[in-house]
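Each of the two complexes below includes chain A, the first together with chain B, the second together with chain C.
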Partner chain A sequence: MPGQSFLQRLAGQIGLYAAVACYVAFALLPIYWTIKISVTPPDLLYSEGIRLWPSRMTLANYASVLEATDFPRYFLNSILVSVATAAIVTAVASFAGYALSRFRFRGKAMVSLVLLLTQTFPLVMVIPPIYRIMGQIGLTDSLYGLIIIYTAFNIAFATFLMQSFFDGVPKDLEEAAMIDGCTRLMALRSVILPLTLPGMGATVAFVFTAAWSELLFGLMLINSESQKTFSVGLLTFIGKFAVDWGQMMAASVLALIPVCLFFLFLQRYLVTGLTAGAVKG
Partner chain B sequence: MTAFADDIAGLQRQADRRRWLEPWLYLSPALVIIFTVLIVPLIIGIGYSFRKFSAFRSEFVGLGQYRTMLGDPVLHGALINTFWWTVWSLALQFFLGLGLALLLNRPFHGQKLVQGLVFLPWAVPIFLTGLTWAWLFNPLIGPLPHVFHAIGLQAEPVTILADPATAMWGPIIANVWFGIPFFAITLLAARKSIPSELYEAAAIDGASPWQQFTKVTLPFLAPTIAITVMLRTVWIATFADLIYVMTAGGPAGSTNTIATYIYVSAFKSLDKGYASAIAVLLLVLLIAYALIVIQMRRALLRDA
Partner chain C sequence: MASVSLRNVHKTFGPIMVLKSIDLDIADGEFVVLVGPSGCGKSTLLRSIAGLETINGGEIRIGEREVNHVAPKDRDIAMVFQSYALYPHMDVRRNMAFSLNLRKSPAAMISERVGAASQKLGLGSLLERLPKQLSGGQRQRVAMGRAIVRNPKVFLFDEPLSNLDAKLRATMRTEIKALHQQLKTTAIYVTHDQVEAMTMANRIVVMNDGVIQQVGAPLELYDRPANIFVAGFIGSPTMNFFDAVIEKTSARLADGSLLALPALSTGTEGQEVVIGVRPEHLHFASAGIPAKVAVVEPLGMSTQVTLDAVQERVTLLTLERPVLAPGDARHLAAKTSDVHVFDRASGLRVS
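Presenting the complex of A and B:
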C-alpha cells in the first residue's frame, strides 16, 4: 500500500502472523491434549498429567478400540447418517432459501416465523412426543429415523443461511438470463448456483458436523449395537466401565479423521471466492 | 373481440396462479418435514405442560405447573445464570469469530492450512468438547490451572469448575472454543461476496483501513450478522449438553441454566409436565427476543 513505511508494513505482518498463531494455538490445544492422552500408557496418565508429551508412548488404546469394540461400525453408521442428512438438508434448504430470497408472497413472514420457531425450543421438549410417534411408525432403533429428525432440525438454519447467500447475489444477473430466454430453473442452475457454491459448501459443512456430533436423539432412539452412531457409542465407554480415558480419546481421535477430510474437501468452496470473481468478470 | 379479451384474462389468471404457487412449490419439502417432525411434537409438548406426570399415569392440572414455577427459587437463579451464560458466550464467540474471518480474508503463508485447523473445533462432538476442557481445567492432569497460577490469575492451581464464583467460565470457554468457527465461516463467506471494487473505490477516495471496515465491510455484513447472532443466541440459551457434561449445573447451582434445569426435571424427576412448562417459558422469552432482532434487521436493510 502506498504511503506506508517499510517498518509499518513489517509491524502489520508480524501482528497478522501473531494473531493467526494465537487462534491456531487456542483451536488446537484441546485436540492436541486428546491426542496426547490417547497415546499415554495408563500408568503414566496421572503422574505425567501436565507434561506436554509422555515419556513413553503406546498405541495399545488404538489397537483395542479397532479390534475389541464396535467402533468401526459406529463410524460407518455416523458417516451414513451425516452424509445423508447434509445432502438432503442442503438440497431442500437451497430451494426454500431461494423462495424466501426471490419472491414476495402472502404468508412469507409467517413462513420465516415458523422456521424460527423450530430453532427456539429446547430439544428435550420434543423428545417424548417424537419417541412416541417414531415408535408408532416403526422408526425407532433405525438410522432412517435419525436422518429424518436431524434433517428436520437443521432445515431452518440452513434455509436462513442459504437465503442470506441468495440475498447476496444481485437480482439483475438472473433477470438478465431470463430476458435472454432462460426459464427460472435454468437461470437458477447456470447463473445463481455457481455463485452460491461457497455458501452451499458452508451449509453442507455445518449440517454434516451437526449430525456427526448429535447425541441426545441418538441416545433416545437407538438401542441395538449395530445401529449406534459414534457419539452414542463413545458414551458406552463411560456408561459400562468407569471411564476408560485412553480408549475414549483414541476413539475420538479416530472419529476426528473423517471430519478433517471433509473440511479439507470443503475448503475450496469456502476459499475460492467465486462471487467476487464472477460479479467482477 | 370479447372472446379475445376473455382469453387474455384467462391467460392472465393462469399466470397469476402460477406465480402465486411457485414460491410454495420451492418451500413445500422444507415445510412438510418441519411440520410433521417438529411442529406437531411441539404442540403435543405444550399440551404436556398442562399435565402432571407420575410413574404410571398423568392428570390434567391446568395452570398448576406454571403456578409452581412462580415460587421456584431454583428457576429464578437459573434465569439469571442463563442470561450471563448466553451474553458472555455470544459476545466472545462473535468478536473472536469476526476477527478470525477478517484475518482469513487476508493472504498469508499457509492460509489454507490455518483455515482448516482453526475450523476444526466445530467438528469435535459437544460432549467430548466438554470432557476435554474439564480435563484441561483439572490441576492433576490438565495444564490450565498451572498456567493461571503462573500468570497470577489464581492463588493456587485449582480447578475453576469447583468454585461457584468461577465455575461458569469453564463451560463458557469451552462454548467459545466450539463456537468461533461458526461465526468465522459464515462471516468469511459473507465477506467474500462483497465486490472488491468497493474497496478499490474507497482506497482511491483515501479511506483508511478503519473507515473501509466501518463504511464498507460492516454495512455489507450486517444482514448476515443479524441472522447469525439471533440464531446463535437461541442455540446457546437452549444448549444444555456442555454444561451438563462439565459441571451438571453445580457447584451449588452456580452453573444451572434453564436448559440444564429442564434436563434435570425431565429425566431425574420424571415429571415431563414441569419440564415442558419451563420449556414453554424459555420458548416465549426467545421468540420475543427473535422478533426484536428481526425488526432491527429489517430497519438495517431499509437503511442500506
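Presenting the complex of A and C:
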C-alpha cells in the first residue's frame, strides 16, 4: 500500500503469515494428534508422557483394525449411505433450488419459510418421534432408513445452497437458449447445468461430509453389526473398563481417507469462475 | 423474413400495467426502433414478441401466424441481449452453432453458415476462443453472429450496444445498419438512446409509460413531433420550451415578449400553449426574446450557447463562432416555420 514504510510492510506480512500459521495449526492439530496416537505402540501410550512423536512407531493398530474387526464392513456401509444421500439430496435440491430461483409461484415465500423452520429444531428433540415412525415402517436397523433420514435433514440447507448458485447464473442465458431452440429442460441441461457444476460439487461435498460423520441417528437406529456405519463402529473401541485408543485412532485415520479422496476429486468442480465472461462483468 | 403485427397488446406485472393497448404494424424487412426512457415498457414489448413474457391481452402475429401461445423456440426469431448472454462454457464456434445443432441441421450446412457469419463479422480467428477471452466488442459480434446463422424471420435487439464504449458503439451502430441493409431481415431494436434510434431506424416508435406516443420516420418525428414528450425526447440537445398564450398570429411569452407563430388552423385566441424551438433553430437577432449569456461551449464544428431567457435555461446551437462572454445581453429569434406549438393541457401538437 502506498504511504507505508518498508518496516510497516514487513510487519504486516509477518503478522499475516503468523495469523495464517496459527489458524492452520489450530485446524490440523487434532488430525495430527490422531495420526500420532494411531502409530504409537500401546505400551508407550501412557509411559512416555506428552510427546510430539513417539520414540517407536508401529502399524499394528492398523493391521488389527483391518483384520480383526468389522471395520471394512462399516466403511462400506458409510460409503453407501453417504454417497446415496449426497446423490439424492443434490438431485432434489437442484430442482427445488432452480424452481425457487427462477419461478414465481403462489406460496413461494411460505415454502422458503418452512424449509428454514426445519433447520431450527434441535435434532435431539425429533429423535423419539422419528424412532417411532421408522420402527413402524420397519426401517430401523437399516441403511435405507439412514439414507432417508439424512436426506430429509440435509435437503433444506442444500436447497438454499443450490438456489444461490442458480441465482448466480444470469437469466439471460437460459432465455437466449430458449430462443435458440431449447425447451426449458433442455436449456437447464445444456446451459445452466454445466455452469452450476461448481455449486453442485460444493453441495455434494457438504452433504457427503455431513452424512459421513453423522453419529446421533446412526447410534439410535442401528443395532446389528452388519448395518453399522463407521462413526457408530468407532464406539465399539470404548469397552466397559478401557478404551483402545490406538485402534480407535487408526480407524479414525482410515475414515479420513475416503473423505480426502472425495474432496480431491471434487476440487476442480469447487473452483468457481466458470461463469466469467458470460455477460459483461 | 416476415412482418410483425401487434393488436391491442396488454401486459401487467401484478397491479402495474406496463403495456397499454399497443397497436403496431411492422412491415417485412423493416428496421424499427422502439425508444423511450427506462421503464416505458419497450423491453417488455420486445420480450413479449420474443415469447419470453406472456401478454395478458391482445394478439401478436409474426408473418401470418398468431404466436400468442407459441414457445420462444418455435417463433423463428433471434435475439441479441444487452448482456450478450453468450454461453460461457462454449467456444465461439459452438456458441454460434448452438441453435443449428439443436435443430439437427446437417454438419456441412452448420460449418458453412458459421463460416459465412464469422467472416462477415470478422470473427474468423476467434472461433476457438471462450467468451471470457474476448473483448466487449468481440462478444457483441459473437452475439450478432449467433443471431444471423439462424437466418430467422425476425431479429430482436435488446439495447445491444449500451455496454460498449462510445467509440465502439458508433462503429457497431454502422455495422448493424449495414448488416440489415444486406440481410433485409425484419428487425426490432430497443434502445433508450435517441441517437441510435435516429441513425438506425426506418421507423421509430416512441414509447412512454406503456403507451406508444408516436410512430414515424426519424426525420418526421424530428420535424413534426406529435406531442411535448416526443418533442423533448427526440433531438439532442433537447428542444427549448416556453409557456405562452396565443395572441393573434403570435405567442405572448411569460416575460411579455412576442414570438411569431406559423399559421395555425386549430389554435384559438388566448389558448394556453407550450412553444418549442430546437437549439439549432434559435438565432441571435436585433429584436426578439431578450436573453443573457450564461455558458459558451465550443464543440469545434458548432458552438453551444446556454442562455437565461424568460425564467428558463435556453440552449442555442450555431455553426458560427460567435464572440460572447457570460453576462452578455442578446435577443433570440426563430423562423416561424421552425416554431412548434403544443397545447399546454393535453400536450398535443397544435398545427
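Definition applied: the second predicted complex is superposed on the first by the 244 of 281 C-alpha atoms of A that agree within 3 Å, B and C clash if a C-alpha of one lies under 4 Å from a C-alpha of the other, contacts with A are read in each partner's own complex, and residues count from 1 in each chain.
FYI, a contact is a pair of C-beta atoms (placed from the backbone, for glycine too) under 8 Å apart; a residue touches a chain by one contact, two chains touch by 3 or more.
Not measured: the values here are computed from a predicted model.
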item	value
Chain A as common anchor, with chain B and chain C clashing or fitting	fit
Touched partner set for A:Pro194, first chain B, second chain C, both or neither	second
Chain B versus chain C as contact partner of A:Asp172, first or second or both or neither	second
Partner chain in contact with A:Ile14 - chain B first, chain C second, else both or neither	neither
Which superposed partner A:Trp33 touches (first chain B, second chain C, both, neither)	first
Superposition-derived comparison: chain B or chain C, residues of chain A touched	B
Chain B versus chain C as contact partner of A:Cys182, first or second or both or neither	second
Contacts of A:Val111 with chain B and chain C, given as first, second, both or neither	first
Which superposed partner A:Phe95 touches (first chain B, second chain C, both, neither)	first
Superposed arrangement (fit on chain A Cα atoms) - minimum chain B/chain C Cα distance in Å	7
Common ground on chain A, meaning residues reached by chain C in one complex and by chain B in the other	275-276, 279-280
Interfacial residue positions of chain B with respect to chain A in the complex	20, 22-24, 26-27, 29-31, 33-34, 36-42, 44-45, 48, 96, 99-100, 103, 106, 108, 112, 114-129, 131-133, 135-136, 138, 140-143, 146, 177, 180-182, 185-186, 188-190, 192-197, 223-224, 227, 231, 234-235, 238, 240-241, 258-259, 262-263, 266, 272, 275-276, 279, 282-283, 286-287, 290, 294
Chain C contact footprint on chain A (complex, rising order)	170, 172-173, 175-183, 186, 191, 194-195, 274-280
Touching residues (chain side chain C, partner chain A) in the complex	50-52, 71-73, 75, 77-79, 81-89, 98-99, 102-103, 130-134, 136, 139, 146, 150, 163
List of chain A residues in touch with chain B within their complex	16-17, 19-20, 23-24, 26-31, 33-34, 37, 45-46, 49-50, 92-93, 95-96, 98-100, 102-103, 105, 108, 111-112, 114-130, 133, 148-149, 151-153, 155-157, 159-161, 164-165, 167-169, 184, 198-199, 202, 205-206, 209, 212-213, 215-216, 230-231, 234-235, 248, 252, 255-256, 259-260, 262-264, 267, 270-271, 273, 275-276, 279-280
